[in-house]
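Take a look at these structures.
Common to both upcoming complexes is subunit A, partnered first by subunit B, then by subunit C.
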Partner chain A sequence: MRPATSAGAVVTAPLRWLARATDVPLSAWQRLTGQRGMIALFLLPNMAIFGIFVLVPLVINLLYSTTGGTEFFLSDRPQVGADHYARLLDCGNYLDPNSCRDDMFWIAVSNTARFVFFQVAVMTLAALITALILNRALPGKGFWRAVFFFPVLLSPVVVGLIWKWILQRQGLANLFMVELGLEPVNWLTDRLWAFVAAVGVSVWAHMGFYTLILLAGLQAIPRDLYEAAEMDGTRPFRVFWRITLPLLMPNLLVVIVLSLIRAVQIFDEAYVLTGGGPGTSTMFMTQYIYEVGFANLLRNPGLAAAASILMACVLIVLTLLQLYLSRRSGAK
Partner chain B sequence: MGAITLENIVKSFGAVEVIRDVSLDIPEGELVVFVGPSGCGKSTLLRLISGLDQPTSGHILIDGKDVTRVSAADRGLAMVFQSYALYPHMSVRQNMAFGLENTRMPKAEIASRIEEAARMLEIGPLLDRRPGQLSGGQRQRVAIGRAIVREPTAFLLDEPLSNLDAELRGTMRAELAALHGRLGKTMIYVTHDQIEAMTMADRIVVLRAGVVEQVDTPLNLFNKPANRFVAGFIGAPRMNFIEAEDGRVMGVRPQHLRLADGGLAVTVDMAENLGAETLIHARTDKDQPILALLPGQLTPTRGENLSLVHDPADEHWFGADGLRL
Partner chain C sequence: MNRARMLATASVLALLGAGAQAGEVRMMWYSDGIEGEVMQDLLNRFMEENPDINVTLDNVAYQVIMEQLPIQLASGEGPDIARVTNLKEQAEHWLDLTDYVEDPEYWRTNFGDQFDWMRPDDSDIIPGFMTQLTLTGGFANATLFEQAGVAMPGEGATWEEWVEAATQVQESQQTAGAFSIDRSGHRITGPMISYGANLVGEDGKPAPLDDAAKAFITQLVQWTDEGKNLRDVWVSAAGTTYIPGADEFINANIPLYYSGSWQIANLSTKIGDAFDWVAIGSPCGDAGCTGLPGGAALVGIKYTQNPEDVGKVMDFLAREDIVKEFSERTLFLPAHKGVVEAGGLNFQTEDPSAKAALEAFVGFTGTIMPEANAMPAWRYANAVYGGMVNRISQAMAGEMAVEDIFARIDSDIAEQVAAADQTK
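After this line comes the complex of A and B, so read on.
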């Protein structure tokens, strides 16, 4: 007992000393500024980090989007006003990228829109079905939950690499196809298949997280509601439609909005998987911004900044929607 | 319609036998109350009857027809859950209509049944509210209304009043009993509240650890408990048990004790004054606890010696095996 105590004392002594040392300036600060000052003090570190890494870059980005050239420092960059925005938004017909001044941007926008639509739809449906199955008394329930959640823990680049390895021309998938006597498919070099692969891989990688949200929602539905419905001889489809779905709706909305926000920002796994190709068939907005800003021979950081501001507007709208929904369900 | 028979019902969860060989006859129109301590299997037995659970062995008959393998929906029973189990996203009207819509009943018929039930339960003004906007007692009525509109052959109620406060419980108890009288349908009512059991039941089924200890009318249970468990369980305050030399046990209810010389000598531990009566906690010289419910406002002091007598007709005798002699 005694050695343990002294060992503990060795650890806690410096901590106690530290606590006493910090106590002096902290109490002085509190006497000076009162409770509000203390709150400010404790918030300061987080606010500083947020400011340096989020707020300041956002403002700089905004300023960048109004300047031209390829210079790095803002002070060296010529003012162009809203030229970049005008260029990006100049379109004969917004549904036809070829009629736009910056056709690449609009190709990226339309690719992203298509991706967001299919990815969110497929993923929400897949997560819902998976959650419904996992919510049943299933042998090895914990194991299956882990299986579906595991990809969420992988880095997007790893996800991209794994699936590239599977889907490339001489990859695992084609190996199996040939074994089964089927024609190999150009998964990543066919326009349609590459898009399907981008959607599918992204669904695979993120589904587990949303499945978990839905599963939590399903488990929060009281069991006796189902028993009451059973006593009434309610058919399973009607139970799902009239009881499960309405009661799951708050969670389902959260899932849809959160996955919308993430799908709009699609980049890493798709970029690693297809590199935006073939051609421009899987080039999404973030990739456009990245390439225009950093990778292109004809670099144009100002244009990239303007595009990212436009994208931020979309994300802000979606985030406000999410905030509104979570407030509303919180109030209930 | 609505006679329910249980034949040798056994229910196990894994290795644990929760209901052990229960046989029971419930005639049509009777209000039967299941009572027993917590965990004795009341809810389980009710769920077996409802069809929500399947017995491990044994048979369930409704009006002489074996329904053991018939689904819950096709047994024609309605259940009122302890939690009410109202659909929170539907209005009261929709809640009541939901089960009827499953049977493709014409809309007009559904509406008139809801109308009728709402009138009977006085919930007409609440029909367009959600359950979340109702008080506990109102929810309770809606839950009963949802059962009534189905016009079941029998009602199953699992502690339907346990979430209400004492006063409301008293009112609803009377209303339920009146409702039973009006509908004339079989009701099986689970409770662990003795007063509910005593006041509402045509017959009481006393359960302990999955076994039926006694089935009888409330007064017979009170006057002639079949064994020590029932004697101790029915009646408040609890019956006193005094062990005799020969291993037999004499039971006498606290209400049946009087103060008089030459009786059982006891020492007072404390006294609870209830206004009209005083409940005295005491012990005998052999350290057996004794309760006595005496009329009037008495103020005995701790350690005071009293002498208690009773009428021999009020004695209950039990053998060493606990059975009534």
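After this line comes the complex of A and C, so read on.
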């Protein structure tokens, strides 16, 4: 009597058939090109996708940045050399956007720098505190972890809209304030509050992801170090300072660099929340590029491309920093 | 051939041919009110009369028309027909319907007055027709004025008089602001021309802001600082983002609202019988009391694979009886000369405020100044509109002094014009 075919065998049958079918050409390829050829072959699909969707657009963007006019096809656009870069970088004093020829670009750069500083600082601190709390033996620990991670799952546009409903002039926040007998606040039309809102909403939306990274780092710290400290009667703050923080540092650095990269790219939730206003108080780099390239009544794709190349330079530096830190922590 | 293979073959053929099947026409359409439903109804009727042509109406957000359609057009793609408001800038992409409509003379006679708004300079093509004519103008919340015991300024009243009266209502009724103007360069251009501004230079390019233009901008910023112009509308965005103040008026947060005739259906639908409102036209400045004409047009796209079918659809929609019905049902002012001259439009609304407003706006067309009438056909109009909005917002937000924004507006406009004029 033949044994009954198991469900697993049925499921893997197509895979086994595929493996047999590809075995001959792959073996031939390996004989022909050796191990390096096999590596190249397996990397090829990924590299092709990367090339088509990242490298080619990057090169086109670079070419775009050296052309002028409002036409979209490169072949229809006149060459202007480095004019766009010269316009963007033409400044009397880089710390004073008003002295720059394209002051909006430098306002966007300045806003982005301030945003990155505050958002990364506040988010890292908040994620660290949250991770420390969630690492303790709390009742309903899984639930609390889900609560903090939930905003990460939301679309940035949804995040922006939710908070806009809360913070607008006749929104929930002001409703509560009036109920409590307080004066309503112009959360989104006051320059300071709008900036605070942009930072706060961004922290709320992304903190969960970084909390998880730090939580993983905390759980990797050997328990016996804490037990030894406890036996020595070390104070909790000293335990944190001397054991937790140093051992968490690799994770903390990854969190800082990743959030830096993310913060430099800030656009969607801030754009939905404040539209870049009041005035230009929350207009960040990506919005500037979007406005100049796509949203303005008279578009200037060449200038937008030049601005995006400059922004890409910043991101490349940050990415290299992240790679360096990751390798260093990996080596340790 | 077995059934599965036949189905697969048919699917592939359908996919390959989907972009350019004969008899297939795609129309990209946005709606301010109920006009999408009316257009679908009219198209259904067209398809009954022309069973060999299938018209698909793609209802999209206005932002898609403004931001995505231009990119599609630039790459030689796009729908077969589109409803657009950026008429002049994109004129090179419109299909010349002359060879595809039954009677080009009918088109020239009835829609010819606006062809220059939507075709390149010195061109004689038939690009499409205006689905509606619009005129910027104001609306007042009559109930709030009445409750405050403030008389509405009469015909010929100035901007200052209207704002003063609205401020009295604001103080009496504790509204959030006295008035609001849509955040749009187009919307403030009418008042600037009323103040005497001349935006067009002798060379046909934008002129630097003159004293009259500066006077209105300064006044507007001052009214914002004083809490009369509702801050939220202008201050809550950067760039050239369009923000209407309609919701503030609908929610009775302001007694005075300056927008345009296209808002009538929207106000009628959303306000209902909550309060009485009236169209007040454009308040006056030293030079006049003009609104800015404009509107939306239905144009054929020159990249269509089916220009004959596009011509048939356009012929149907441009018919006098169809234009009349469309205008009556959507509460839009028609652009068809025959329809206008015949008169007797029976706007389909039970709302007396809407009916009165429509009639009022027809009357306000008599106050349009020649400088305002020339704006829709001026290729640099968008450069001027766009160049002003962001800077005025900055002044209102307190980022720049109002006297400092004028030089920036001039240089922004000059940069935009220079970029637009760069050709290979």
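In this text, the second predicted complex is superposed on the first by the 290 of 332 C-alpha atoms of A that agree within 3 Å, B and C clash if a C-alpha of one lies under 4 Å from a C-alpha of the other, contacts with A are read in each partner's own complex, and residues count from 1 in each chain.
Following the convention adopted for this analysis, a contact is a pair of C-beta atoms (placed from the backbone, for glycine too) under 8 Å apart; a residue touches a chain by one contact, two chains touch by 3 or more.
Being a predicted model, the structure only gives us computed values, none of them experimental.
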When subunit B and subunit C are modelled together on subunit A, clash or fit: fit
First (subunit B), second (subunit C), both or neither touched by A:Glu291: second
Which of subunit B and subunit C A:Arg136 touches, first, second, both or neither: neither
Contacts of A:Pro222 with subunit B and subunit C, given as first, second, both or neither: first
Touching partner for A:Arg191 - first (subunit B), second (subunit C), both, neither: second
Touching partner for A:Gly233 - first (subunit B), second (subunit C), both, neither: first
First, second, both or neither for A:Arg31, with subunit B first and subunit C second: neither
Contacts of A:Arg242 with subunit B and subunit C, given as first, second, both or neither: first
First, second, both or neither for A:Arg20, with subunit B first and subunit C second: neither
Partner with the higher number of touched subunit A residues, subunit C or subunit B: C
Subunit B and subunit C, minimum CA distance [Å, superposed model]: 49
Subunit B and subunit C contact sites that coincide on subunit A, given as residue numbers: none
Complex interface listing, subunit C residues touching subunit A: 66-67, 70-71, 74-75, 86, 89, 176, 185, 231-232, 235-241, 243, 382-383, 385-386, 390, 393-394, 396-400, 404, 408, 416, 419-420, 422-424
Residues of subunit A defined as touching subunit C within the complex: 68-73, 76-78, 80, 98, 103-104, 169, 186, 188-189, 191, 274-283, 287, 291, 294-300, 302-303
Contact footprint of subunit B on subunit A as seen in their complex: 222, 224-225, 227-235, 238, 242-243, 246-247
Contact footprint of subunit A on subunit B as seen in their complex: 50-52, 71-74, 77-79, 81, 83, 85, 87-89, 98-99, 102-103, 146, 150
